[in-house]
Amino acid sequence: MKTASASRRILGWTAATLAGLAASPALAQGPTIDGADTAWITTATALVLLMTLPGLALLYAGMVRKKHLLAVMAQCFAAAMLVSVLWMIAGYSLTFVGGGSVIGSLDRFFLAGMSLESVNDLAANLPESLFAAFQMTFAIITVALVAGSVADRMRFSAFVLFAALWLFIVYVPIAHWVWGGGFLGEWGLLDFAGGTVVHINAGVAGLVACLVLGARHGYGSENLSPFDLSLAVIGTSLLWVGWFGFNGGSALGAGSRATMAILVTHLGASMGAIGWMAAEWWTRGKPSVLGILSGAIAGLGTITPASGFVLPWHALIIGGVAGIVCFWACTWLKQRLRYDDSLDVFGIHGVGGVIGTLATGVFAVGALSASPANPTGSPGLLEGNAAQLQTQAIGVVVTIVWCAVATFVVLKVVDLLVGLRVSPEAERMGLDVTQHGEALQ
Amino acid sequence: MKLVIAVIKPFKLEDVRDALMALGIQGLTVTEVKGYGRQKGHTEIYRGAEYAVNFLPKVRVEVVVPSDRAAKVVDTIAAAAKTGQIGDGKIFVTPIEHAVRIRTGETDANAL
Amino acid sequence: MKTASASRRILGWTAATLAGLAASPALAQGPTIDGADTAWITTATALVLLMTLPGLALLYAGMVRKKHLLAVMAQCFAAAMLVSVLWMIAGYSLTFVGGGSVIGSLDRFFLAGMSLESVNDLAANLPESLFAAFQMTFAIITVALVAGSVADRMRFSAFVLFAALWLFIVYVPIAHWVWGGGFLGEWGLLDFAGGTVVHINAGVAGLVACLVLGARHGYGSENLSPFDLSLAVIGTSLLWVGWFGFNGGSALGAGSRATMAILVTHLGASMGAIGWMAAEWWTRGKPSVLGILSGAIAGLGTITPASGFVLPWHALIIGGVAGIVCFWACTWLKQRLRYDDSLDVFGIHGVGGVIGTLATGVFAVGALSASPANPTGSPGLLEGNAAQLQTQAIGVVVTIVWCAVATFVVLKVVDLLVGLRVSPEAERMGLDVTQHGEALQ
Amino acid sequence: MKTASASRRILGWTAATLAGLAASPALAQGPTIDGADTAWITTATALVLLMTLPGLALLYAGMVRKKHLLAVMAQCFAAAMLVSVLWMIAGYSLTFVGGGSVIGSLDRFFLAGMSLESVNDLAANLPESLFAAFQMTFAIITVALVAGSVADRMRFSAFVLFAALWLFIVYVPIAHWVWGGGFLGEWGLLDFAGGTVVHINAGVAGLVACLVLGARHGYGSENLSPFDLSLAVIGTSLLWVGWFGFNGGSALGAGSRATMAILVTHLGASMGAIGWMAAEWWTRGKPSVLGILSGAIAGLGTITPASGFVLPWHALIIGGVAGIVCFWACTWLKQRLRYDDSLDVFGIHGVGGVIGTLATGVFAVGALSASPANPTGSPGLLEGNAAQLQTQAIGVVVTIVWCAVATFVVLKVVDLLVGLRVSPEAERMGLDVTQHGEALQ
Amino acid sequence: MKLVIAVIKPFKLEDVRDALMALGIQGLTVTEVKGYGRQKGHTEIYRGAEYAVNFLPKVRVEVVVPSDRAAKVVDTIAAAAKTGQIGDGKIFVTPIEHAVRIRTGETDANAL
Amino acid sequence: MKLVIAVIKPFKLEDVRDALMALGIQGLTVTEVKGYGRQKGHTEIYRGAEYAVNFLPKVRVEVVVPSDRAAKVVDTIAAAAKTGQIGDGKIFVTPIEHAVRIRTGETDANAL
């Protein structure tokens, strides 16, 4: 029994598994639930929720001006509460229950039929209620991430509507394609914890959204510097700790696959911070606190898709590259292209997600994903499997294209319905007072 | 009476207060302000966006004194607040026609 | 072995179990400790402590004025440290060790006899040291909650004394009646994680306390608005995450009972926030951040007693109702009754606790609490068991009556001994400076 | 199987085990990994990281002036990212892999050879990647703690360099001596979670560092009071919760040894806070918030070495003594000796570490560390084993001497290379602007 | 015109504003300041280091009025701000030579 | 010399400073203040309790200039700070009898 559960734990997400699953019924009943796996994934679920509430809310609050501070926290909060309900009504079912290569089914509409005994075959070692909740926390943070790009100017009502539509039109399909039995998973795309589904997705959506909304008033001329960066330090710290649940939890069990993922995640974050800090110190003479934080997030986002497939020394490389390239993207590239992605969701998550997804195709170590069903695991370019890198590139392109087009459409619909942007006067007074009737004193 | 307004470096506040107390001044009012002048500010960089912080933190000390003591007060503040570095600040003197102590209703010199 | 432990896990608190336990010796020795259950409940204990330190401290700090901010945090902290010590000296023993239908025993006075091997029969799958610590975190937060009602005017010394007396005179007996083998549990009251013991209890005590102390100076005339609401966002987020341990941990094991409880808890919080937000948006034109936070807490408090007995779709209803009714209680009702419950402990926890305890009697699904010893579980009104709703109502009434009377007596004693309220001058200057000699700059 | 794993869990660190291990090969492969133990220690690793990021960063930020606030957070962050990388490159291997009584080996240089299956014999029930990560979090916080002593005046570049050198020259050897198979462990020193390795070490290094750097400008004359103490409340709370992972995780498994350690840790913290509060209330007329927080940290630091060896009532004594003695050290003693340890790292961690390490020799209960290999466990003075107290004293002295001398040398080297202290002008302007080009608004 | 400067206790601000409104005053400007005077501050203790907080929070109200109304305004503020306790604050009157309303360009008495 | 006091909308500060610099003004002092005037405040709601926030954030700019330049400075500020919306603020001019630069001891016009 222990052996079986251990191998299940080591198995995690692999192309082979996913391909195999597509044929089998997605929901099962049975005494396969493992106590230790349940204990860890329950904890991981709490950790990933902690990443949004209050992690991301704090990171974002720490980068905006005083008059917009509560508003950006409110958007993160609203994303959490809204996505949670919609996920349980239909999102979970459409993503992870049955269905074909494009979209899941409505068999668990309103979670109908979920009981204490039911499990999802994608993680038959866990109660289905836990699997659904764990996956929900990923949907929450992806939606909340987008708020950073449009901070300081998007109407609260517009963001709420956007979150609801974007969840179903962008997040749910892409998550299904990669993780839920859809075509990207079947083609063998490796994405352990969300390089495509979470980071590229949020980054590209953010870029499109900030282009559609236009730059903040005063961008490039006025001083838009952060009010209280210490909040961003707290936020980044909680994101870092929570990421143990994000990547470690994606092993869907307690075991060495999870702990190795956590170790490489931690090293990716550390090297990302070091990379950005070094680049900034070198080019600007001072290592800024916001730079260090940004580098850590860049490292975390970038290592995410690779975290279950690479060894610690790969993480050192991936993290360091992430820190330096994302620094370049958020400074040189952004200024050159002249878009106003307020809190650099694209420059960090979008760019990091692409690097990480491709790096997975380069560095993947077969032994880390090997299982009885797939004894060779999923090796990457360095182990001679150049095809994997190609698959990764396809995954990146598909994600970018679908996300960009669909996000654009969603934004236009929201604009028609409630208007995307507050008035210039409201922007000047601050979203806190104009959207919520409150203000920091 | 005169209102002496001194804009000084924040860390000199205690020195100025002590010097004024030594002079027998019993009250003053302090405001945190930002000053713009010959002294250069610094640059802050946030993810590649550079902001010149031209306004430097200063403290404004206001003290109302009988006209005949104004010169002495100005000299005292000037001495206590001086570092000799750029940005030491300014002292201005303006007339006060009337003063009241709210608690007692005493007026003018008695109110100070 | 696994089967046994799984069923134990699914068992949780049920009337049947509690009735059965009263007869058996409360303490046992034996190799029944389960590693996975221990791992999860240890985590849950940390999560519930996190709810008070710093969760509740932040929520409360975020709602008061600058000059009282540290003082309310200090009261939460003092509650934690004091209750912890008193709990281990006698609170645990009086609540959970032996004894009859009214009060426990002193067999574990100063934890005498607790060893690495000992367990409490109420949770024989856990080390006794863990069970005692987990239950302690509930006592801590219940006491700390009360501080919100009397914020900005209660003497620190008075609060410290109040906390000590109230723990033994109010919390310990009620917790024993419901969870420790006492009469309410025997009568079949369903309270999974503290609708009566924690929320009604704290809410009613808060109401009595704010009536005894009188309103804050300037209440109704001066601007008493919060200084830094962003602290309340952080606090609410940590409460939300910590609540996974509160309700999920109340299953006393890692398994599907725990994870289902977490899922319904999360949905209750989300719907509470949505409900309050909608009500406020509708009636006042703007959704305030504090409203959203308040709704989330209302949803969490309300789902608490039901969390181990209901399905996800019930949680959507319970949470939504909680958000709307508590909004009404904190605005219309409070203004009508003209009491100054500073941070709305009664309006949210008291009202939410009543709704939730009654809703448990309506929605309880027998299958969720079924066990070999009690194959039908504990069904509610919707499954045809109207008696359950009556039992719930009795539990509510008993809790309110005992809590109200005993809290009143405790307050009068404290007033005699050290004086409850600071002087008007001290209140004007702020509790931070006058009680602690410190201030935010 | 369960029995074996349970006894392993109960085993923890004991002198006997360590003595036994020195002879056996340090690394092994085998199916000994336990799911429940892995689940809990993974959680514990996250909790200990949370202690530094953001716990300690917040505690420190909450005690400094506005113009230095970001800088001290940056130093905690830098310690985390730098130590993490260096630990995985060589620190782990030199501390915990093979080697003799003085230092480990380089067998795991760059973690070479670490796989999903490998374990370290010091904790054969855990994946090696987890053991390495868990121990890393201890190295991080020890280095970060030192930043408190030199807050408000140390160059960022100097701190970064100091952290790197100090890790290898001070932390790694001492950790090896006590925990990694080195001579102090072989001699039987009892240090469950870091009284010598972490607290005395950080405290003494802090004292030496603040003496070498000299006092802050204005120390003793200007008002250096904290800008925003509420941050310190949050920080202390997170440290407290995280300490469950610190001490409870040091049992290296999920079981009653861990939960008993958590219980005594919690009581130590509570009594420390009560002790300091009482002492301050008595001597100064008011219980300050910072005093309560300081007492809690003092209690936590002091109970740390004893936490796996003592019973709850011992913790009440140890915690209470810690609160009172550390209060005395941070007020009377510090003023008498006239050193400027900015945030009292020595007065709390140094003094607390000494008290706790000696108290372990007094109160240790043999039964708590008994195992099949060592049926009597490790008793202390109260159980008639006076030799244990002597061993503890030797451990204290060795740690102090090595740490003091080596820290002094490291500081001198750093001073030569980059200069330890910022210019008086930069100190006046604040480290935030001068070191990082940023400021709170 | 005159500029009336009143340094008062913060919690009296609403009272003063209401009294001035009752008088028909349509505008005023408020600054948070710290005052040093006869009123004693309190002591803050941080881990054994005692700091005397000598500066107390006060609010400065500035209101510019036509010269003939100045006396009335001073009296009104004095009455509204008075508690009779030490630290009630001061009122100073200084001449204003010229005033402009930015929005319209109106000047002097019309600008107030 | 004259002290020109301008109470303006906060976001106009940079414009005003730039305009004054273009005029050759080398120094000024800025304070965050709260203004009460014809411009209406907003309402904040906290759990059902409504608070009218009557005081709006403004910035006070103080600049001391030689008497002959005062009129020009007033005009420049008025032009730069104007939006034409209610709440644009006021400019007041008051005499300064004496000025000192602390760093050098220079006085009056040389001190500015």
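We just call them A, B, C, D, E and F in the order they show up, numbering each chain from 1.
The rule we apply is simple: a contact is a pair of C-beta atoms (placed from the backbone, for glycine too) under 8 Å apart; a residue touches a chain by one contact, two chains touch by 3 or more.
Quantities reported herein were computed from a predicted structural model and do not represent experimental measurements.
Chemist: Where chain B and chain F touch, do the two copies share over half of their residue numbers, giving same, or under half, giving different?
Modeler: The interface of chain B with chain F is built from mostly unshared positions.
Chemist: Write down the chain pair in A-F, A-B or B-D that repeats the interface of C-F; the criterion is over half of the contact pairs matching by residue number.
Modeler: It is A-B that reproduces the contact pattern of C-F.
Chemist: Whole-Å distance, chain B centre to chain E centre, using C-alpha means?
Modeler: 17
Chemist: Using mean CA coordinates as chain centres, what's the gap between chain D and chain E in Å?
Modeler: So the centroids are 53 Å from each other.
Chemist: How far is the middle of chain C from the middle of chain E, if each middle is the mean of its Cα atoms, in Å?
Modeler: Averaging C-alpha atoms per chain gives centres 47 Å apart.
Chemist: Chain B: which residues touch two or more other chains?
Modeler: 31, 44-46, 53, 94-95
Chemist: Could you list which residues of chain A touch at least two other chains?
Modeler: As it turns out, chain A has residues touching two or more other chains at 34-36, 39-40, 43, 223, 225-226, 234, 284, 286, 288, 290, 437-438.
Chemist: Which chain pairs here would you call touching?
Modeler: Inter-chain contacts occur between A-B, A-C, A-D, A-F, B-D, B-E, B-F, C-D, C-E, C-F, D-E, E-F.
Chemist: Flag every residue of chain F that touches chain E in the complex, lowest number first.
Modeler: Touch residues, chain F against chain E: 2, 6-8, 31-38, 54-55, 58, 60, 70, 74, 77-78, 81-95.
Chemist: For the complex, give me every residue of chain D touching chain E.
Modeler: The touching residues are 63, 223-226, 280, 284, 286, 288, 290-291, 294, 330-332, 334-335, 344, 347.
Chemist: Touching chain A in the complex: which residues of chain F?
Modeler: Touching chain A from chain F are residues 11, 14, 42-46, 53.
Chemist: So in the complex, which bits of chain E are touching chain F?
Modeler: Where chain E meets chain F, its residues are 1, 3, 17, 26-31, 64, 94-103, 105, 111-112.
Chemist: Under the stated contact criterion, what part of chain C meets chain A in this complex?
Modeler: It comes out as residues 2-3, 5-6, 9-10, 34-37, 39-40, 43, 47, 66, 225-230, 233-234, 236-238, 240-241, 244-245, 248, 253-260, 262-263, 266-267, 269-271, 273-274, 277, 284, 286-290, 292-293, 296, 311-313, 316, 367-368.
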